[in-house]
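One chain, subunit A, appears in both complexes that follow, with subunit B as partner in the first and subunit C in the second.
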Partner chain A sequence: MTLTGQTSTRKWLYWGSHYLMIAAFVIFALFPLYWLLKVSVTPNDILYTEGVRMWPSRTTWENYTFVLTQSNFPHYFLNSVIVAGTTAIVTTLVAALTGYAFSRFAFRGKVIIVALMLITQMFPLVMLIAPIFKILAPLGLTDSLTGLIIVYTAFNVPFATFLMQSFFDGIPKDLEEAAMIDGNTRFEAFRAIILPLTLPGVAATLGFVFTAAWSELLFALMLVSSESASTFPVGLLSFVSKFSVDFGQMMAAGVLALIPACLFFLLIQRYLVQGLTAGAVKG
Partner chain B sequence: MTTVTQTGKLPVERRGGFSRKISGIIEPYLYVSPALVLIIAVMLMPLILGLSYAFRDIRILNPFSGGFVGTAHFEALISDQAFLGALANTAWWTFGSLLFQFSLGLILALLLNRQFLGRRLVQALVFLPWAVPTFLSGLNWAWMFNPVVGPLPHWMTSLGLMAEPFNILSDPDLAMWGPIIANIWFGIPFFAITMLAALQSIPKELYEAASIDGATTRQQFISITLPFLAPTIAITLMLRTIWIANFADLIVVMTNGGPADSTQIVASYIFTQAFRRLDFGYASAIAAVLLVLLLAYALSVIALRRAMTHADS
Partner chain C sequence: MASIQIANARKSYGAVDVLHGIDLDISDGEFIVLVGPSGCGKSTLLRMIAGLEDITSGDISIAGTVVNELQPKDRDIAMVFQSYALYPHMSVAENMSYALTLRKTAREKIADAISGVAEILGLTALLERRPKALSGGQRQRVAMGRAIVRKPQAFLFDEPLSNLDARLREQMRTEIRKLHRRLGATSVYVTHDQIEAMTMADRIVAMHDGIIQQVGSPVEIYDRPANIFVASFIGSPAMNFLEGSYEQVGENSAGIRLTDGALVPVLPARDAQHNQPVTLGARPEHITIVSDGENGLPAKVELIEPMGLSTLVHVTLAGKPIKIFTMDRPAYAVDSFIHIAFDMAKVHVFDSASEKRLPPASEPHGDHAGQ
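== the complex of A and B ==
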């Protein structure tokens, strides 16, 4: 009797501490985002008097209406959608081709190309800021969305390639071999049979690259100088340095920047642990 | 499927012989070439160009710059206090972040590796910071530390850790904790995801056999879980060390390297030199040093691993 009593107490203690630790992690993960939301709906006149209250006594949408109608943020948002969207599509196309070649062909120089791509994942990209600026400036590609798209595409291709390769590796070779025996070229088989089968992988890759391009800050700061070509991070940062007292508006803009990231997260949530072991290396 | 049989049905014979052989050799390169062109043009070429800048005087605002200066930049670096401080800060930033990211990430993975009510929801929630854009994470945490709108200074005052609410980001002695905490917040999910994936690949039969043999949970952890995780831990830690050492976004957003260069790491110093001072030559010299240091680190880790595996066998 005492023995079972002891084990059930221990079990209770175990699960109690388990849930307690889980709760601590959840709170740590969500609290800053919660606070962002809270301040974004707090009216300016009570922001300072109600400093650390968990929820303001009154809420307002005026920060959002200001950001959406009186500021340049809709324009920055659009720029970022164009840059991140185009980057995601082009990168995924290029990466699908390369990932497929890595998965299906043995060819001379393959090891070198794979090694080259691995190395690009390790070296400090920040050291390319100056030379890329010097290369793009005479081409008229600084202060332009096209320049950003080219740079982001190149940066994301290696990781996206390895991700796509891992999805192609999961598809049996017999499928396109059967199609090729039927007289189709390999490319036709790739496009019509293999690519549709890897649609979940394509979606995950699109999501990853979109988020990476959406978040990129340092190259955007360096390469873009005008308001009209500013992406969301650049716009938000210049807003912060110019109007650093309008916390409500800054945070409302911050919440807007969070939207695409959350959408992407919903999209790839189910691949996160299963099947993403290889893909998680970059972060 | 149908499109293939309708549009692409060609007689096999047409693609026979010599031309087929040639196209078979060329084909892989056609698939790889777009990626290769991009990487060479946007990464490899600038890398080489950047290394050459390290020996040249290149300042964007000075039209007469551009000449070779030999090793002048490197000589200046040796006596540049900000750079020497940045080296020390980089070590502190990297290992401070890494230690907490890894240990908390591992604990989280172990917690999530159990079946419990609401596990899927919890997993989605705790992984969310990983999807938050880094510039926003930085700003968000900068606001959290701000005594005007953030709760943290007030809480720390209530706990007696501070005499009165102030912003740790403006205190040279404490400022580095700001970006480090933001980085921990941002990086735990990465480690948790990687560790969880590794945990789930451990065959369940091992644990069953061990518990039949009477092994305690603790013994199982030490003799099954840890050995299985070890390779993943080793490779992830090494890759992450390099990645965090290069990761300047949070610092640029939160403190811009200040106050008084107390949070300047080498990567953010490169950015400051290039972006604010537009001194591309000097920035490239710092970049070259960083590259050499990271390379030395990677090689020594690889050598260490090789030595250890040799010792084992």
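== the complex of A and C ==
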């Protein structure tokens, strides 16, 4: 009796501390988001007067209606969707093909190409802004969404390629060889057999590139000057004026900006957690 | 079904030669087993037939057509992989029908073919399952089914039973043989397991270091191995080898003088010179334990391994470990001395320098295809 009592107490303690630690981490990670939400629904007049409180005495949707109806934010938002979406798709497509080649073929110069791709990741972005501006300006690609897409794609392809390669490495070569014997060409085997099995990898890469492009500020600020081509991180800065910062509206815009990223991960999360290759070969 | 001809096929990776000029004719409907230790080039040869590896030089023909430049899909062959290589995102039925679907076979025909093959392999109840919901043996069967359903010119097997446990392997071995008899399909089967080679093959191709060592029926290879490599690789427990020198005793009798001075009588060997350094090869079942009075050689018992049906006795003779297979229950203890005798008609004489077998003068000429 005592023995079972002891074991159950120990078990309870074990799981209790387990969940306590997870809860502590989640709270730590989500607290800024909570604060974002809290400030976004706090009316302007009590934002500074109430001091630090976990929840304001009154709440309002005013900031949201202002952001959605009176500001340029919907336009920035659309620009961001276009830039981040296109970048994610193009980058993943290029990275999938390159990653497959790195994973499956031995070819001359492979090591050099891998080294060059790694080198591109070593420079601080600030260093590259001036030369990139110099390249893009004569081509008419500054102040345009296309220019941003090209720059983001170029910067994300190397890492995305290594990511995709590691996913392809995890899929046995036998599978596409079996498909090639069954009647596929190599490309057909890639499309019909290998790609469906790499969906978790594709989803992870899409998600990674999308969030990177979605929240990028430096290039968006430096390469784009007109309102019409601004993305939302730049737009957020417009809530900062010379004399004051409109925190309520800025936070409301921030909350809205979170929505697509959340939706995106909601869509791809089932591929992220799934191991599709189970059962392909002897486990 | 079709024959397969391999003519002087070579394979190199850069400066490394993996296969040195392979010549092999596989006739229509034959079951050929390529056997050898890992790294001997047997899988590479199979993959060259499949079209998964380029041929550095030479020709491979299937049904009379040179296929060197053909894509795997255009060679009309089916392959069973060691890992099974089932498509994990497809059901058993989809896995089996994939090749037929790609060939735009009519749907009813596919359904007929699948149900027929599923019936033969006992997969009918599993057709809707995904590979991950199957046991190892079932996956193996699906891999077989996927190959059979296409009715290809030839079947290629790349160590298909290596991932199964011993009992299942034995069962599948029989099933594959039965299937082969039923379908009469030309089959090339790669394995490193000499028991699979012995039990399944019409002809065994023993390979070592990218060279074919011997081609022949299982019994031929077992009874008349071309060289020390084949003799030691085929047979379990393995053949015993003792160094010595050849002695022509009289006109019709000869022997091998072992390093400890003992003389083992052998049949006079063709092409053997007096005092030539030779290696005596004796299978464990060709050594008998004799009572002390007879002309046996004294040997020390090191270990006794009862195997139920038989017993394997480990002894030392002339400082070398020797294994003896006996059906008798042992009446001696470890560390005691027993007397052993070699079956003169069954032991082999190998030239120690070239490692080639020196056949007895009484054996007809040229009845093994060693290279």
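FYI, the second predicted complex is superposed on the first by the 224 of 283 C-alpha atoms of A that agree within 3 Å, B and C clash if a C-alpha of one lies under 4 Å from a C-alpha of the other, contacts with A are read in each partner's own complex, and residues count from 1 in each chain.
The rule is short, and it goes like this: a contact is a pair of C-beta atoms (placed from the backbone, for glycine too) under 8 Å apart; a residue touches a chain by one contact, two chains touch by 3 or more.
Quick caveat: nothing in here was measured; it's all calculated off a predicted structure.
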Next on the checklist: Let me test your reading of the model: by the given contact rule, A:Met122 touches which partner, first (subunit B), second (subunit C), both or neither?
Outcome noted: first
Checklist entry - Is A:Phe28 contacted by the first partner subunit B, the second partner subunit C, both or neither? => result first
Checklist entry - Which holds for A:Asp174: it touches subunit B only (first), subunit C only (second), both, or neither? => result second
Checklist entry - Who touches more of subunit A, subunit B or subunit C? => result B
Checklist entry - Touch check for A:Ile193: first (subunit B), second (subunit C), both, or neither? => result both
Next on the checklist: Taking the superposition on A as described, I'd like to know which of subunit B and subunit C A:Gly183 touches: first, second, both or neither.
Outcome noted: both
Next on the checklist: On the A-aligned overlay, A:Ser40 touches which partner chain: subunit B = first, subunit C = second, or both, or neither?
Outcome noted: neither
Item to check | Common ground on subunit A, meaning residues reached by subunit C in one complex and by subunit B in the other | outcome: 179, 181-185, 193, 276-277, 280-283
Item to check | Of subunit B, residues touching subunit A in the complex | outcome: 1, 3-5, 7-12, 15, 25, 27-29, 31-32, 34-36, 38-39, 41-47, 49-50, 53, 58, 60, 104, 107-108, 111, 114, 116, 122-137, 139-141, 143-144, 148-151, 154-155, 185, 187-190, 193-194, 196-198, 200-201, 236, 239-240, 242-243, 245-246, 248-249, 252-253, 267, 270-271, 274-275, 280, 283-284, 287-288, 290-291, 294, 298
Checklist entry - Hey, which residues of subunit A end up touching subunit C in the complex? => result 172, 174-175, 177-185, 193, 196-197, 276-283
Item to check | Residue numbers on subunit C that touch subunit A, as the complex places them | outcome: 50-52, 71-73, 77-79, 81-89, 98-99, 102-103, 130-134, 136, 139, 146, 150, 163
Checklist entry - Which bits of subunit A are touching subunit B when the two form their complex? => result 15, 18-19, 21-22, 25-26, 28-30, 32-33, 35-36, 39, 47-48, 51-52, 94-95, 97-98, 100-101, 105, 107, 110, 113, 116-117, 120, 122-135, 150-151, 153-155, 157-158, 161, 179, 181-186, 188-189, 192-193, 211, 214-215, 217-218, 221-222, 233, 236-237, 240, 247, 250-251, 254, 257-258, 261-262, 264-265, 269, 272-274, 276-277, 280-283
